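What follows is a pair of complexes built around subunit A, which joins subunit B in one and subunit C in the other.
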Partner chain A sequence: MTRQQRRDRLIFLVPSMSVLVLILFYPLAYSIGLSFYNYYLPVPRKSFVGLDNFRYILGDDAFWDALGVTARFTSAAVAIELVLGAAVALLLDARIPCRRLAITAILLPMAITPAVAGLLMRWMFESNWGLVNYFLSLVGVRGPGWMGDPLWALWSIVLADVWQNTPFVVIVLYAGLQSIPLDPLEAAMVDGASRAQTLVHVVFPFLRPLVLFVLIIRSMDAFRIFDQVFVMTGGGPGTTTQTITFYNYVMAFRMLRMGRASALGVVTLLILSVVTSVFIYLLYHREKGEW
Partner chain B sequence: MVSRRRPLDPRAALARILLTAALVVVVAVSLLPIYFALMTSLKPTRLAFTMPPTWIFTPTLEHHRFIWLETPFPRYLVNTLIITTGTVLLSIPLGCMAAYYLARYRSLPIQALLFTLLAVRTFPRILLLIPFFLLARATELYDTHVLIIVIIVALNQPFAIWLMRGFFLDVPRELPEAALIDGCGSLGAFVRVVLPVVRPGVFTAALFTFLFAYNEFLYCLILTGTRAKPLSVAIAQYGAERIEYWSWSAAGAVGILAPVVLFIVVMQRHLIKGLTFGTLKG
Partner chain C sequence: MREQRRSWRNRRLVGVLVIVLAAGAASWLWPGSATWGAGEPTVRYISHRFPMLEFWVKKMGEYPGIKFEAELIPFDQALEKMQIHLSQGAPTYDIMATDAFLSTFAERGWLMPLDSYIDKFRQAVEWDDINPTLVTDVCSYKGKVYGVPNLSISMFFFYRKDLFDAAGLKPPATMDEWIAAARALTKPDKKQYGTALTLKAGDAFQNDFTYFLRTYGGDWYDKDWRVTIDSEAGMKALTTMKELMKYAPPNVLAFHNDESTVAMQQGLTAMGLLWQSRALAMDNAQVSQVVGKVNFAVPPAATKGGKTHPRLAVGCYSISAFTKNDPELVFQVIAKSLNKANMREAAGLATPTRMSVTREPEVTQKFRFIRVAADNVQAGARLIPSNPEFSEAMLPVTQNLQKGLTGEVAIPEALKRAQKVMSDLMTEKGYYKKR
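Showing the complex of A and B:
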């Protein structure tokens, strides 16, 4: 490392990294430490309990329920968003009038404050006067109670998430489609490939890394969903929409079990790291080989 | 005017009509919830809960007037503005400088650092929130703008760095070198020569950082009370004890939405660039 680089590091990199270490990594280390303590907020003294908190979490039905809810939510939301997003991106890529205007409109939900989006969705899915059930009644379907119905509550949040986050998938895949070089497309046309064949053999391989990227980002964010749950259902009815983050919130700030909540956070971190590592491995190693 | 040059192919025409119809549906679904909130905020309350919905009515600004003149909403707006402005002003210079360094030099540790930054996205939020909550309780930091700003700045650093690094990678290496030879210090070369070149990137990063701070909810929910509470938390906590509350919270929601919607419509081009930049660079 030259003197120049050492000086540059001090001037340019160190300020930002100090903020990160002080504000993110140090607190993170602190809570990981806290996960080995019994710390009930009303009792001022905390006591070291080793792995007890982790044993409690792994034996806690509410944890496994929350994990199940989160897994179902994440897979349903991300699957729908990917399929729908790809379809809309292809639609925008076709020659269609007023495309720029349409893109702006389609992007809007993504920028809306998630808490506010949750509120808008609560009104849409309101069972008595919400627009969703109104439109269903127009085609002769009696809509369910949505957020009040244990069977449908999670679906209300899935659909709310689809409304808000499909635009992200659309915009990334659309940008990908726009940047496909023309040569292979023309070659495919010259060779007499059908539209479907072109899509499968030329367009999709090109988009594959982007699809994986979107999959990672969306899965990580969906796994952490909180705001919309807080606004739409508060985890209910019962605990049918209690996601991991929401349960973690309840444990920390309603039950005031700080040590136990930290342990739950650590468990979540471990689960997420494993899942993300697999994704990142797929993204950065596979694509160099046979992809 | 394709049809004038070529004989009209009925199958192609049909496909075109179907595609356009599909697009219209997608646009309608995207806009409908926003439109519905706007309508609810402008309706007299007794018309807000009719089934079928009332589409035609004499609009009233009464709910908007009430929210902005007879509730503490203006104070929450000021809090939101303090938090967003503070975040952008701190986050962008810090992020730009780090990104510049990380784009200019290559090494294994730097590569590792870039990936560590990505991992920040996986940190469970409650795990980070607990220490701040304990800190805030023990000190005077509870319910202050400073605490919230500092947290959001830190959370936003990885994104700002990755985005800006993409822009800095496009700057020719010779550019700052020339300035250095001309007697500028590193910082001088960066500020006077490099930064002007990446101005669109800085703008995009600022835009996203602003949105990120504007939309933040969970940390503000726990760490703010009456003094520093932003709009996002205020609207979510707005009660529903009386029927008018629906109209009022619709007015509040529209108030929070409006600047964002305007922003997007005006800044659309920058937004798309920001969203897709990192992606396409790989």
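Showing the complex of A and C:
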């Protein structure tokens, strides 16, 4: 490649890099910078306060509560999505009738924006007139107060997230199942392995990288959940569904503390980076002789 | 040579692409382009959503010669949007419904003083017919008028007269009577609950809590702006609310005004504290299951013969200091829309702010709760504090108070935490600095 060609290729990178700088790097740098200032939105003056905002966040009980809620939500939602997604993917792989129709129907929730999905779920989980409690009443079960009940509010958000995001898991794992080579499967059959043994010892090892990939992506997304919380519960009752992102929203746009909100954003970014790094290490851990 | 030609071709292609994109962007953004609404001026409006304001939006939309764009969203979000845009000096909104925060916005220089427009259009808009008390006490700041009063409402006690009569009950005059009546009328197997409450954290919870707190003799602040909710009155307020919750629908902690209204309308609840603007909805045959069955009363006092202090709200329409439209036009859109005929039509949704309309016998006879509205104010309905910190801290404060109702923490601890949130904010803002 000549120098001229290299330069020409760089020119083609300029538009996309400009967009990246504009929508990613600049806001990130600005936000990090702002986290060192005391900035109350209605008052234009900012004053440099060093690490005070970070000290406030780390000493704030509401932050640790929100982190706990986020961790509980993420682990519950992602676990259910993985198990359910894998089960549905296996079912689709078993060549059920109307498979294509089933795939289309399964993908529909993903096409809806999270805020609209949250609105749908809000009415479905409405305890007096919602569909969920209606169906429960048909089997003789009295549904709980869902979004108004501290024991169930977080579960209503989990179930809403499961409804919307399991299709992503299904589609990734289904694609993975489709790409498993036939030879090991046939060899297992010839060796007399049962279906369960084939699943555990042949299928899942092939799917492992994809499962980890889905785990990383879904964990990152679940950690940042906002729309469903905002629409369905508003962080309540009390703070039982106040996730870290919702708490960040309250700090920035209700209390108008932009400096602190930026510091909280930086802390969240650091937490997510650590968690993602661990997952990536697991995913790309170099075992002897293989990726 | 070939490579050089290819390289020039590539650069020309990139150059053409950049020019096309820039031209497209310029045509979109250039002042005077179609996007900038050459032709009729566009007047942009924002407020919280409830029936009276929806009515005014409809009427302003009928003003000739303008394009009217309205945003009606929940109270907390409307306030949030206004603060974000105004703090940046953005001309996004021309007309805003400024509730208790008019003085805060005026202090920050975000609102346009209206005195000169009132003088110029006094006769045309029949300004002197508007209740002067509302103008000077609520819609003015430091001697200047910053808003046009558009409504006055308070929270009533709504109750199902048919259920009360059948059970031999009278509308409760005290908190204990309210609890007893709610207990008597709770039949969960028949999907009937004694009382509605609006307990969703934020503005909704604050409405109910303020009533209970003040009726028990307390308040949010003392005269020196010290926060006083962690008090005997606060304790009684939360305890009573927790007791009433036993006779409310199971998801009452998620109830905002709309949910409480629907609960009453659909016969789910037998009584409750709701805004005056929701009264007409009870007799709307298209959606209500309880037409003609709901009556209204002054909310209960703490003890017999005591005072009651439900929420009172007076709304003002203000003009943004950053509007790009002609302020005289925007003022006329507001003031002429709030004319006598429209106020007469809307008298069922809120108490009119034009004195002539409130005195018309047809109005007071047609809307049976207008009398209760007047009684409510006499009995002690009051506005909420107007300092900006009250709104800013409302979500975290009420989240902590809610924890006392759910049992996550004991009521005294909930009050202590809620008070701390508000006090810390007041301290940070310099309210307690020694002069």
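Quick note on the criterion: the second predicted complex is superposed on the first by the 280 of 291 C-alpha atoms of A that agree within 3 Å, B and C clash if a C-alpha of one lies under 4 Å from a C-alpha of the other, contacts with A are read in each partner's own complex, and residues count from 1 in each chain.
One rule holds for everything that comes next: contacts are C-beta pairs under 8 Å (C-beta built on N, C-alpha and C of every residue); 3 or more make two chains touch, one makes a residue touch a chain.
Since we're looking at a predicted model, the values are computed, not measured.
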(message) Contacts for A:Leu119 in the overlay, against subunit B (first) and subunit C (second): which applies, first, second, both or neither?
(response) first
(request) Would you sort A:Phe253 into first (subunit B), second (subunit C), both or neither based on which partner it touches? (result) both
(request) Count the residues of subunit A touched by subunit B and by subunit C, then name the partner with the higher count. (result) B
(request) Look at A:Leu269 in the shared chain and tell me whether it touches subunit B only, subunit C only, both, or neither; answer first, second, both or neither. (result) first
(request) Answer with first, second, both or neither: which of subunit B and subunit C does A:Leu282 touch in the superposed model? (result) neither
(request) Please work out whether A:Thr239 is in contact with subunit B alone, subunit C alone, both, or neither, and reply first, second, both or neither. (result) second
(request) Considering only touches as defined above, state whether A:Val211 meets subunit B (first), subunit C (second), both or neither. (result) neither
(request) Pick one for A:Ile180: touches subunit B only (first), subunit C only (second), both, or neither. (result) neither
(message) Touch test for A:Tyr30: subunit B only (first), subunit C only (second), both, or neither?
(response) first
(message) Quick check on the superposed pair: does A:Leu107 touch subunit B, subunit C, both, or neither? Answer first, second, both or neither.
(response) first
(request) Determine where on subunit A the residues touched by subunit B overlap those touched by subunit C, and list them. (result) 4-5, 8, 11-12, 15, 128-129, 253
(request) Would you pull the subunit B residues touching subunit A in the complex into a rising list? (result) 16, 19-20, 22-23, 26-27, 29-34, 36-37, 40, 48-53, 94-95, 97-98, 100-102, 104-105, 117, 119-134, 150-151, 153-155, 157, 161, 186-187, 190, 211, 214-215, 217-218, 221-222, 231-233, 235-236, 246, 249-250, 253, 256-257, 260-261, 263-265, 268, 271-272, 275-276, 279-280, 282
(message) Help me check something: in the complex, which residues belonging to subunit A touch subunit B?
(response) 4-5, 7-9, 11-13, 15-17, 19-20, 22-24, 27-28, 30-32, 34, 88, 91-92, 94, 96-97, 100, 102-109, 111-121, 123-124, 128-129, 131, 134, 163, 167-168, 171-172, 175-176, 179, 209-210, 213, 217, 220-221, 224, 226-227, 230-231, 244-245, 248-249, 252-253, 258, 261-262, 264-266, 268-269, 272-273, 276
(message) Under the stated contact criterion, what part of subunit C meets subunit A in this complex?
(response) 3-4, 7, 10-11, 14, 17, 76, 80, 83-84, 87, 108, 191, 199-202, 249-255, 263, 266, 268, 388, 392-396, 399-400, 402-403, 405-406, 408, 425
(message) Residue numbers of subunit A touching subunit C in their complex, please.
(response) 2, 4-5, 8, 11-12, 14-15, 41-42, 44, 62, 126-129, 144-150, 153, 233-240, 242, 250, 253-256
